[in-house]
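Here subunit A shows up in two complexes: once beside subunit B, once beside subunit C.
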Partner chain A sequence: MTAPNQPAATSPAGSIYDLGYRHYEGVRHGRLYAMWSLYVESLRGVWGFGRPTTAKAAPFIILGIYSLLAIVQLAFSSVFAQAMARGDTVELLTYANYFATLSPFIVLFCIAQGPEVVCRDQRYSVLPLYLTRALSAVDYAVAKIAAFTTSLFVALMVPMIALFIGDVLMKADAFQAIGDEIPHFLPAIPASFLIALGLAAISLALSSFSPRRAYSAMGLVAYFLILEAVLASVFAIGVESSLEWTSRIKLLGPTSALSGANDWFFGIRPDPKTFGEVLGADAYLGAALLSVLVFTSILLLKYRRVRS
Partner chain B sequence: MALIEAIGLSKHYGAVKALDQLDLAVEPGIIGLVGANGAGKSTLIKILLGILSPTSGRATVMGMDSVRDTRAIRQIVGYMPEHDCLPPDVSATEFVTHMARISGLPRTAARERTAEVLRHVGLYEERYRQIGGYSTGMKQRVKLAQALVHDPKLLLLDEPTNGLDPTGRDEMLDLIKRTGTSFGITVVVASHLLGEIEQVGTYLVAIDAGKLLRADTISSFTKRTPVLAVEVEEGADRLAQALDQKKLRTRLDGTRILVAINDDTVYDMIRDAVANLDLPLVRMQQERGRLEDLFRDAAPAAEGIQ
Partner chain C sequence: MRGIALNSSIAVIPEIVSVTLRQLLGRRRAILLLLLATVPILLAILFRLADVHRIGAFTAGIMDAVALTMLLPLVAILFGTAAFGSEIDDGTAVYLLAKPIGRWAIVLAKLIAAVAVTLILTVASAGIAGAIALQPYGEEGAEAARGFMAAMAVGSVCYVTLFMALSLFTRRALVVAIAYWLIWEGLLSSLLAGIANLSVRQYALGVAGGFYKLSANEARVAPSTALTLAIVLVVVATVVAIWKLMRFELPGGD
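Right after this comes the complex of A and B.
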């Protein structure tokens, strides 16, 4: 990226008193490579690779719990297939309702691993080492968001793939079933991506405010779980006393907005029982995109101020 | 071309002048950057790294402007910060490899350089253990390794011996000296301990309150001065009186008497005075300038060193 520089005037000294130090003459990549390296390292960090075994426990256990129902459905696919063949109606998890049903576990993943992505660099002051290399503060934030989005995307897609395999196995003709299933499955990819991006932006933006992992996690609990619970109870009161405005309140919820946006990709209307009758999926899509924008901006602004 | 050059460099934080019209030209070598806490050492380093931009004036590293060519400068500069900067839950190998890659080295090169550099700083089997379990000395070595891993032309070390015990301090200084002399890397060591700089440096830049106090080779700071130190076992005050009567300029410094050397007769006059008073003479020695004098009080130091 930059022109190579003249060797230091004293460099011949190295060959006179050679103690085995060799100068590096190879390629030096630029800023994008540095971002990529940070992305890879952060991604490994989320899953605990290159860290002690204990660091791998939380992400994999939570992912296991989140995917459990899909895997159970896959394991018992032949049982369900027989039941359906008998003409019983079986309530199966679908690509569209999986996140809405099990979102607390993915939120738990964010609370457990989100602070890990940004807090340790601040807590242990690693950040200045990055910022005195090729990376700018914005590059840093972008690489971190990308890494956590990828992690969440992988976590969200694991049960989707399990569901896909299960659904294919339930059909008599597996090859034809693959062709039939793919159109149902495909919307899960952009939907999961948006959910991953939304959750990553919120998690990292809120985590970046404290170098202490525990405080960041508490902030995330407050925003994800407590806010969502408050909104749910306000919504419930609204339904009882037929207040019209409360049916829009779920737009404010971090996971409910993403869940409504998820329905948009599958072309279905958000469940009126939990979302009210007033707004369609496109309103939630808008809310989700706005939240991505707002929290990404918060994160970038936060790091613009941090200059070692 | 000077390696580091500053022209009218100023950095103001509101009313506080961290650097004030600093002019500086530094040649390659091991350069000690000395000043009290808050003298502007770290500010200067941060401007050279492009983390801070100067309020006025400019600084260049190998002819590259610190504001315009920040990225180019950072490729050839290694920085070891004063504070802790190591995550505890990864191994030294893992961490230094990662930093090498952030500096733009491809994966295999990063691994090779990491192994090599960690060996140079004296970390062997420990390098596979987590940094959290390291001693302060080992952590300082890792910090130095991450600054060296991309083979910089210039190393900026901010208080590299902070928190080290005397042995660790000497080892670190030795390592710095080796880096500067055998690796052909120019090293700038910021420190508030003059003794350290005297031990490793070839060139000294002393700054005080954001201004350049003096920049010169270490040897010129410590060369002989026209002052003779006379030490007697007892009766120093009587001897001083006797010398004063002979119109010599003297100053009593504990048990020693400092005498200005005007001409060669001074030696004889002191000898006679000592003999007359029948005092036990311990030694007569021409004084060497000491770096401490720089900061103790600037005026006599300048007079004494010349």
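Right after this comes the complex of A and C.
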């Protein structure tokens, strides 16, 4: 293009060519506001708000299945209460073991919705448009991770709250029961937050490598499910034989590290049957934090250079 | 289909098969799949080195838990949903469907290609893994290894046909297939005994049980029942896929 018009003196910084159209003269909200908008938009995208009903199906169905058992337990709480009055213990699912028991469903949520958050912008090449104005690449990545972490945190907390309500309803004196129950419930909040952050960092970092949702989903399946199954198999071989190092192998597993870290918040020891007896919960907490760090860095590095 | 000569439809099948094979074995996918296929082999080497003196540990820990439950469905999902899915996504399906070829021939050709690659990959991987891990056990080990290969073969054919039929019904077949695999095959078929008769994994284990005595906990369906049900599943899924493709309308616009 030959010599574009000289930008007028009043032209705002950041415009590329002044083609003579009328200028925007309203308020400019700046970076933080742009990050906030991207955060809200991505959060709505994960749950399919503002999209057709079909886009809402996957997240809500998976969340429904994930929390189903907690809700069933809530429904049966009166039955359980009678059993407990007889002195039987019927705690099937607790705040502490819920994630470890039903993690495949929350992983399924990551596989279905994680690629949704980052792939579309690359597939339709709109990423450079985001980054020409107020947002920097780091802001973009932070807003996306924050949005997916929030979604996962909500998904993880729904069954926790259902369990809380169920446990409170079981007791005769509700106010007394709330006071008793809160100390058990509180560790679920930081634990769920760490799990959400860990899963979000992994999901988005791996998804960002392919603009196609299908390939991203396969990558997540390979990392979350196949790696976990292989590690479980190696661990089982170690139990059958005299290998030493296999009892530490679960540190590498994405969901098992998070599940061990979850145990740390509740102050219990990871189940020796699946985690071995060598390492305590603090080792898994370390592994989980390290994985958050590594995958967040991968995501940030990935967006350092953006192809248009 | 009326007006389309049967012979010309049959004659074109090898052509579609070879085109599909080229589509399926793209560079990235091929690398991912080779990595997946080496997993059971690496585990078998570890099994051999670790000196585990029990065939049961191999059949349960590596054959069932990793190869049959995890790797096989994943490979089948990749090939089964991509055989039609990538053509629909890329917009090349229109060139195929506009040709004067019977739709049944297209389905059969796609099926042959997807089943062939899945079958070769998984059965070869199972054979090598079985040979490495079970070689010290003599005849009994050989029986178990043959059972392992048969299970992978039955599982491949069933899963690929099923996922291909699925990919004609929804454009998000991949996620639906993964959900089916995790929830139905993974969770429910091990929790509820009645579902065993409707689970591909159980068919595969049942057929394996015909070669080598698996524990009753693992193989819940008798070998002959498993094989019959597997054949019924494949035939029904193929017919449904043909029926759906005959009524298939190309998504307009994009």
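The rule is simple: the second predicted complex is superposed on the first by the 278 of 308 C-alpha atoms of A that agree within 3 Å, B and C clash if a C-alpha of one lies under 4 Å from a C-alpha of the other, contacts with A are read in each partner's own complex, and residues count from 1 in each chain.
Just so we're on the same page, a contact is a pair of C-beta atoms (placed from the backbone, for glycine too) under 8 Å apart; a residue touches a chain by one contact, two chains touch by 3 or more.
Here the structure is a predicted model, which is why all the values come from computation and not from measurement.
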Subunit B versus subunit C as contact partner of A:W245, first or second or both or neither: neither
Touching partner for A:V234 - first (subunit B), second (subunit C), both, neither: second
Contacts of A:L129 with subunit B and subunit C, given as first, second, both or neither: first
Subunit A residues touched by each partner, larger count belonging to subunit B or subunit C: B
Which of subunit B and subunit C A:R22 touches, first, second, both or neither: first
First, second, both or neither for A:P104, with subunit B first and subunit C second: second
Set intersection of subunit A contacts, subunit C complex versus subunit B complex: none
Complex contacts: residues of subunit C adjacent to subunit A: 28, 32, 36, 39, 43, 46-47, 50-52, 54, 57, 61-62, 65-66, 69-71, 74, 78, 81-82, 85, 89, 172, 174-175, 178-179, 182-183, 186-187
Of subunit A, residues touching subunit B in the complex: 1-3, 5-14, 17-24, 26-31, 33-34, 37-38, 41, 50-52, 55, 120-121, 124-126, 128-135, 307-308
Subunit A contact footprint on subunit B (complex, rising order): 3, 27-29, 46, 49, 51-52, 62, 64, 69, 71-72, 74-77, 79, 81, 83-90, 94, 98-99, 101-106, 109, 113, 116, 120, 130, 146, 150-151, 153-154, 178, 181-186
Contacting residues of subunit A [partner subunit C, same complex]: 58, 62, 65, 104-105, 108, 111-112, 214-215, 217-218, 221-222, 225-226, 229-230, 232-234, 236-238, 240-243
